[in-house]
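Each chain gets a letter, A, B, C and D, in the order it is written, and its residues are counted from 1.
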Amino acid sequence: MVDLSVKIGNLHLKNPVLMASGTFGYGTEYRDYFDVSLLGGIITKTVTGKMREGNPMPRIVETPCGMLNSIGLANVGVDRFCQEKMPELDHLDTVVIVNVAGSTIEEYSEVVEKMQGYDRVDGFEINISCPNVKKGGLEFGTDPEITETVVSGVRKATDKTILVKLTPNVTDIVTIARASVNGGADGLSLINTVLGMGVDIETRKPHLARIVGGLSGPAIKPIALAKVYQVVKAISIPVIGIGGIMKWEDAVAFFIVGATAIQVGTLNFIEPDGAVKIIQGIERYCEKNGMRSIGELTGSLQKG
Amino acid sequence: MVDLSVKIGNLHLKNPVLMASGTFGYGTEYRDYFDVSLLGGIITKTVTGKMREGNPMPRIVETPCGMLNSIGLANVGVDRFCQEKMPELDHLDTVVIVNVAGSTIEEYSEVVEKMQGYDRVDGFEINISCPNVKKGGLEFGTDPEITETVVSGVRKATDKTILVKLTPNVTDIVTIARASVNGGADGLSLINTVLGMGVDIETRKPHLARIVGGLSGPAIKPIALAKVYQVVKAISIPVIGIGGIMKWEDAVAFFIVGATAIQVGTLNFIEPDGAVKIIQGIERYCEKNGMRSIGELTGSLQKG
Amino acid sequence: MGAYHCQVIQQIQIDEHIYRLVLQAHEIAQTAYPGQFVHLRIADQLNPLLRRPFSIHRVLRDKGQIELLYRVIGRGTSLMKQTKPGDSYHLMGPLGKGFVFDGKFTTAIVVAGGMGVAPVFFLIDELLALGKSVIFFWGARCGSELFGVLQWNQSAIEIHLATEDGSQGYHGMVTDPLQTFLNHRSEDASLAGFVCGPRAMLKKIQLLSTRTSFEWQVSLEETMACGVGVCQGCAVMLKNEGFRMVCSDGPVFDLKNVAFDG
Amino acid sequence: MGAYHCQVIQQIQIDEHIYRLVLQAHEIAQTAYPGQFVHLRIADQLNPLLRRPFSIHRVLRDKGQIELLYRVIGRGTSLMKQTKPGDSYHLMGPLGKGFVFDGKFTTAIVVAGGMGVAPVFFLIDELLALGKSVIFFWGARCGSELFGVLQWNQSAIEIHLATEDGSQGYHGMVTDPLQTFLNHRSEDASLAGFVCGPRAMLKKIQLLSTRTSFEWQVSLEETMACGVGVCQGCAVMLKNEGFRMVCSDGPVFDLKNVAFDG
């Protein structure tokens, strides 16, 4: 038996595999496909202060080994989230982390404050990296000062675990990672999607109504691994690896590079129970390599 | 007949399809596979002041719909380039652009000065975007001030056409594009490779000896299109689109977004005559759509 | 609703670009109703990456089989046409909310354009089984895309064909004969409308339908990633209601509520 | 050297993971010599993306055919094993600089380990055709990977087999019998060595070879992108010479010059 449990801030995860924000709804839609309690945890679709309709259509398009999306943080808003979605989450026997965003610095802490009292919320993931909104999102996550202000604001609003979700669309992700640590983050989630675009050469229109969107899936895995590597070298709080994880081998690569946990995103759309197979694969790999806990795998990168 | 010729600075290209630096050697290796004179032009492997051996092995690995390389600007150095390679280039009936890099700001203009007198050199492409070297490369291309200094130094050393090759690994590519324009660039080439990494989960070693390398191929096409889109909107000198172009449809997408010309990189390794097929495809597309010149295609992006 | 490996029983080419795929899919065949779809994994590879949604064209409940009808468009469907009996696909389904028949209508007007015909065969089968009469308007590019219309009991179904090239039926858009028909029956409370087809056709019929006094249901298509209401990729704008998901709130909607222009 | 569409004539499974692929490839068959390779496009798709290099295992010059021998390793070779007669591959070749025989040796020591045997059959064919004697050392994991050794005229070839599991020939590494042999013949000027196999074996033989007075050629492998000397991806460090390209300067090099540790 391999001990797959990990600790991030005050969070105890039974295993290090989480569902990435925006790819697992509010945790209920996939109930018919597998036992959600097998997961280390789920991260909700981003919740904002007010309800958001999201962006015009089309919102998604496939690309070579990847997909672009410009959903635009469509969500019911924090109040309806607490009324309508929170009760559904109650039935889930796994950690629930609420992903939070805002179009102002204050909105982040306001949203967190409203949810701080709910026992069902085990932690927050601060989304300062969405490429698909005008304000908040990328604009914040590319600026170390705003990053620190947003995170420290949230820190004051909650004693629950805070993850900060970083964008790869920056010159130096380490600066943003440090700003998050200074602001009081317990862990860092990376990466959010990579800015990308597609064009329909028949209509000569962009594939996405909002022109530019976020690239996810296997295509970005090498980028995500590099970012995790850079951040893990520079900072000491836990890092959660995200980006193009499609099979357990991909997940293992992220742990070797130094991730404490991982998130599965686009895979959910393709294989609803893919995350469960990944958990099993990680366990087998550790066993085969004589590791008694996932911690022995994390950061085990050898010299080239 | 569609007029495929384009003008960039003083360069007259018979068609807008060029071979990307580092993927076509010095122009002679593919002579057995197709008629190189059909190309709009070729860009040489990067030339530096001194000879460089390049990085340790392994230097390449395949990724989903892409590849990582860490060649490290292996080249014979400018003096041997002029003696040994220049005479071979003489036989090529197409435009030759020499890609130039240095580990100091001065090295760039020194290399260009040494080649300025050669008629065979039609222009220069300034590489401030290589992810695979310690000095020069990315470090320069992520800093607008250094970028402007490098480009204006080269501008003083030559009256030939200067292209500046930009990296996508920045928060704001437009700032670097503007700095290049201010330095005196005639055109901008984008993108160079995206930082990425791979891990062998059996040996737990990085796939590349230098750990992090540059991602190219179809996986990065959406990223490249987005960068071209951003730069074209902001600046008015010609942009050459590069990244994951595998077929004429991909090339057409770059033109629609606003590229004046394109470069083909990784494709050369897969289909040596792929670039020729792309030229034919672009011509057919223009014809079918009633365009008399490629200029009508460039920037024809419709509202979403 | 679930996820299953389904064996290919048969693949039949209907037309140059159109194929019918028969799959062994017990669970789906037992519970599916018209207008629902399946979400199909093309191959166990990374490119094409996403699943592809296909309407359930037909259900052979006793055999535990379902049929898909598809047009070869891009890379995914090009790979599909190469599959042979014995191959298998991973399917999620039945997905979405299909057509509802609880109205008191006795005659259904069913309108299909192009590949919009896919879910319509299943719909007609069920309508006839429920004892309704059907008036079927079917438009296509050319006659070779119109097939299988003689299989139904011709006393219960009235069929109007139209082709763009005039090779079969009315020469022109199927909305023309539909319009003529509606001119006389716009207030007929025994009717109900069911529509599936390209956007331009749907818009046209929405316009026609505003002048009728009975209900119209429409089946929509949008590019999908998850197919189960999670990714929010397949939104459609409903008048006064905002965005709804084609995959989980639809694909069938009340035609008058759809805001085709966003 | 060129690029050609080559039809698959036959595919033969040799062992659980090893296959032999016979291709119609006139131009390549006419000009290739031992140690050269072809660069093969797995499929007309984006993933796997790059070509894969394979040594020319055998040439049937009169038929205009070449044979490849390959082990199924990853995604590319897994797809290869599914190909059937009539399928075709796009090949670049013959590529690289192969073995040279212009020395005055009369007996060739040929050492192959694992899949390193692929180019060695072609080499032995040519050596025998040139009237040379061959002493062939062949090591593999198990007996089932050793095949076809009886085909050559046994009076001109002396064969030493070794398997790691002892199922055939010497039980252990093929370098052991080689070492024993070399203990007696290290100064024999009628000899020349030809080696292909895994890195560890090559290093060991390099060490053994330093104590011999004759020449050794080695065929190397490195991950390749272009296969024609353009990308600089397949570098090998040569002592005193710096990096050379396996694809265009090799894959065959003078064994003593190779700096295996960079």
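Simple rule for what comes next: contacts are C-beta pairs under 8 Å (C-beta built on N, C-alpha and C of every residue); 3 or more make two chains touch, one makes a residue touch a chain.
From a predicted model like this one, the values you see are computed outputs, not experimental measurements.
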Remotest chain, chain A as reference, centres from CA atoms: D
Euclidean distance of C-alpha centroids - chain A vs chain C, Å: 36
Chain centre separation (chain C, chain D; CA means) in Å: 57
Approximate Å spacing (C-alpha centroids) for the pair chain B, chain C: 47
Residue numbers of chain C (touch at least two other chains): 46-47
For chain B, residues that touch 2 or more chains besides their own: 56, 64-66, 217-218
Contact graph of the chains (line, ring, star, complete, other): complete
Chain C - residues contacting chain A, complex: 1-3, 41, 46-51, 92, 222-237, 242-243, 248, 262
Residue numbers on chain B that touch chain D, as the complex places them: 22-25, 29-30, 32-33, 45, 53-54, 56-62, 64-67, 69, 71, 74, 217-218, 246, 266, 268-273
In the complex with chain A, residue positions of chain D that touch it: 46-47
Touching residues (chain side chain B, partner chain C) in the complex: 64-65
Of chain A, residues touching chain B in the complex: 56, 63-66, 68, 142, 169-172, 194-199, 201, 203-206, 208-212, 215, 217-223, 225-226, 229-230, 244, 249, 252-253, 256-257, 285, 300-304
